[in-house]
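Shared between the two complexes below is subunit A, which has subunit B as its partner in the first and subunit C in the second.
On to the complex of A and B.
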């Protein structure tokens, strides 16, 4: 009979049990939710580093001064800036450079169905080392005129059509999700870019009309040879090329890393405060519960339950509460964090990439275990107290 | 309507239905109109979800009011089916906007999906309770 008692105690006092389960749920919610958000940000940062693929990005002076490049790459604000295509040849002649690839930025009008402009990035498939590694399924065919590669956040699958400036473009392949703003871009080769420029001209988009992709480029992605100092190569470009600024990608990433470490610190402090508060509330709740149930335990002692058995009942109740609270907290965090991941990413404004299933499962199990351990830990004091209580005094008191 | 025949799910079902209908209209609505005043695809998905939310409200009110256990069972079953269809409206039945960082993708679709999942779970729990009561 006593084996089933902890379950019956919890079932027969639904309000009290629910309150304890909710407090325990807060604990596992903070453990799981905090860990998921922070690791998503860490993975996002790593993804941005590998996504850029280049050590240096050369852009026009004006774009570097106005942070236009960061606006496109990190804040996801579509835009465009141009410089002479001659710069590409000049850069490739500089010592220590392994590979160069030019890109051409084109911000679309509100794309077809939607009121949001899309960043179109023109790239050279011959020299590219930044876009192609991210193609989701191996796409070995050549891009035809009108074919585009869609970033992971573009709501179109391979084979579907997208419309820019009234022109229909076919999605040849979709890029893997990187958690960065580059997921919102569409990539096209120079033939398609020219086709879109012509369409823009027809639509009367004046600014684009003057920027011939045959003569102009927006940026040059540069890979530095092993053994060469990235800073020195970047300085060489800045000294020898007028009107061009070489931006080290590491500098851009370290800016984000700093914001990320700030966010991590604040989140950690908040999460630990929630955890500490939940533990204190649970300890107080168990202590109050034991006080309230003194007579019940005294009666159990009278009918032959040992002190150890009474402590066992309290600890079993706390394990059940911890387990149910842990599962509830993890479920609540899953409901908030995964479906609303896009919203979180927007609000945080940093690269955000959800971890793989294995990591998610491991974190969830750890969060439930943490809640299950916290239950008996906070109830331990109350369990010891029951063992010390004087049955006679309790039963004789009013 | 006998009090004995009312479960917690009888109360939860109309509440979730009202949240789906009113929430989609006022809180987690889709993207706004374009500059030229025309609407994007997601607006029509929003309209369908609101319509289905109203239908669910009627069904769940009928579920609350009826005293017949069999009628309640049937209404729960139909509510479960409608909630599954409602969850599929944004994105599957009606395509949403082109960019996945737009409001219809980041707010409306997840909110509707989560609420419909809760609705489905509540319907399953309701049917389970009724079946258990019926067998006793």
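On to the complex of A and C.
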């Protein structure tokens, strides 16, 4: 019966218990929610970094000046630009370069699936080191001509057809979500993308008119050998190749990394403020609650409860409150954060990728634990105080 | 003699002004004997409750000792004093003293389960509730009870462990004549059953049940002869 007393005490005063539970829910909400948002952003950035995969990307001068590359890869604005294929060979001759691979960009005017234009990104299956590692997670087979792979946000399932410039392409697979704008693109190997470029030329797409698609590439992705300085290699390219600008991917990402660290900082400050506030309010609430119940505790002393017993009752109540609050907070955070993650991504304009289930569960457990520990921690002072008081004095003070 | 106060006093400070103090109970000796009902009367504020609380191990005296079977109870560690109080001392505090989260029956049984997990005390609890006339309220909660019913709950609770010593602070405070008689007879029966009973009361009728009567006046205790 004594072991049930803390429960009964909490049930006996539902409003007061609910208030305490809500306060500790704020705590676990901030621990779990904060960690989820921050790690989703971090993972998003990591995903973008590994998807770009290259140290340097070489593009035509004009595209570099207009930031077309960033528009396509990071802001998700469809576009295209081309340069001569021989630039690929020239770059591969520069010292310190480990691997090069060409990419081809084409913006569809209207695809069968989407009201908005879709970015088509072509890669060279033989040399590619950037797209393939990612693609292989969803699609291990060889791509046939006419096959495309759809980014996670493309509104078409595997097996369905998409039409670009009058050509029909089969969606061979849907790619894993990256949380970046790359999810809005369609991927194809060089054979397919060249066929699409030829079709686009027939439809009269400006830049392609005077050129043979076979001789064009859009960009060169470059991996620098270990031990070579990425900046130096990129300078070399800029000096030796006319009409080509080498862009360090680090620079492209640094803007994102910067706003990410800004957001992280604000989120952190906010979350710690909520946590500190919740702890203080909890301590005050427990102390008030115990003061209000002084007489009840005195009666327990009268019938023979030791100081330790009283402290035990107070601490058990606080653990129950912490546990229930912890679960409530995590649940509330799940309900708020997961469905609205996409909205959040749009609003802050940063790559956002939810962590895997194991990480989520672990974070949830630690958030509940944090609230569970915070309960007795904030009640400890009151528990000690309740033990110290003079029973006779309380009994007489009515 | 089972419980004995040796030269105990209690000093209180008025407000926070440390220079301004007074004695709620002046240096007092008080023995309680097995088989005897001892009564204390006195005006309100004379220090009766203060003395009773000191005897019950609930309020440490400013000076003096309280001996239970020759042991100074305030020299015991808290846990031992608590266990002693639980097992051997039944206290009826002045005023409302039920736990609001528990039913009447649970309130009465709680002292029994404080240091014991097994055993069943339900029958005895029911019996005691019957004796004090609130068995029909066994499953009610204390806030549904009248003042007098709450007093009777506290009396049943104090008796649940069949304690050696019973300290009752105005147990008949809110009771009508008939219930007052029931309670006093209950305490008298306990004394006849070799318990030491201390009764603090305003009521002169109660004194006829007592073996000894003391009067408290401004913190000073004097035994009334006859």
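Note that the second predicted complex is superposed on the first by the 353 of 398 C-alpha atoms of A that agree within 3 Å, B and C clash if a C-alpha of one lies under 4 Å from a C-alpha of the other, contacts with A are read in each partner's own complex, and residues count from 1 in each chain.
The rule we apply is simple: a residue touches a chain if its C-beta (ideal position, glycine included) is under 8 Å from a C-beta of that chain, and two chains touch if they have at least 3 such contacts.
All of these numbers come straight from a predicted model, not from anything done at the bench.
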Subunit B versus subunit C as contact partner of A:390, first or second or both or neither: second
Touched partner set for A:85, first subunit B, second subunit C, both or neither: neither
First, second, both or neither for A:153, with subunit B first and subunit C second: first
Which of subunit B and subunit C A:170 touches, first, second, both or neither: neither
First (subunit B), second (subunit C), both or neither touched by A:223: neither
Touched partner set for A:132, first subunit B, second subunit C, both or neither: neither
First (subunit B), second (subunit C), both or neither touched by A:203: neither
Which superposed partner A:300 touches (first subunit B, second subunit C, both, neither): second
Subunit B versus subunit C as contact partner of A:11, first or second or both or neither: second
Doubly contacted subunit A residues - partners subunit C and subunit B: none
Complex contact set, residues of subunit A against subunit B: 76, 110-116, 118, 152-156, 162, 183-184, 335, 339-340, 342-343, 345-346
Subunit A-touching residues of subunit B, taken from the complex the two chains share: 31-35, 40-41, 95-102, 105-107, 109-111, 113-114
Subunit C - residues contacting subunit A, complex: 49-50, 53-54, 56, 58-60, 78-79, 82-83, 85-87, 91, 93-102, 106, 109-111, 113-115, 157
Sites on subunit A touched by subunit C in the complex: 1-2, 5, 8-9, 11-12, 295-296, 298-309, 390-393, 395-396, 398
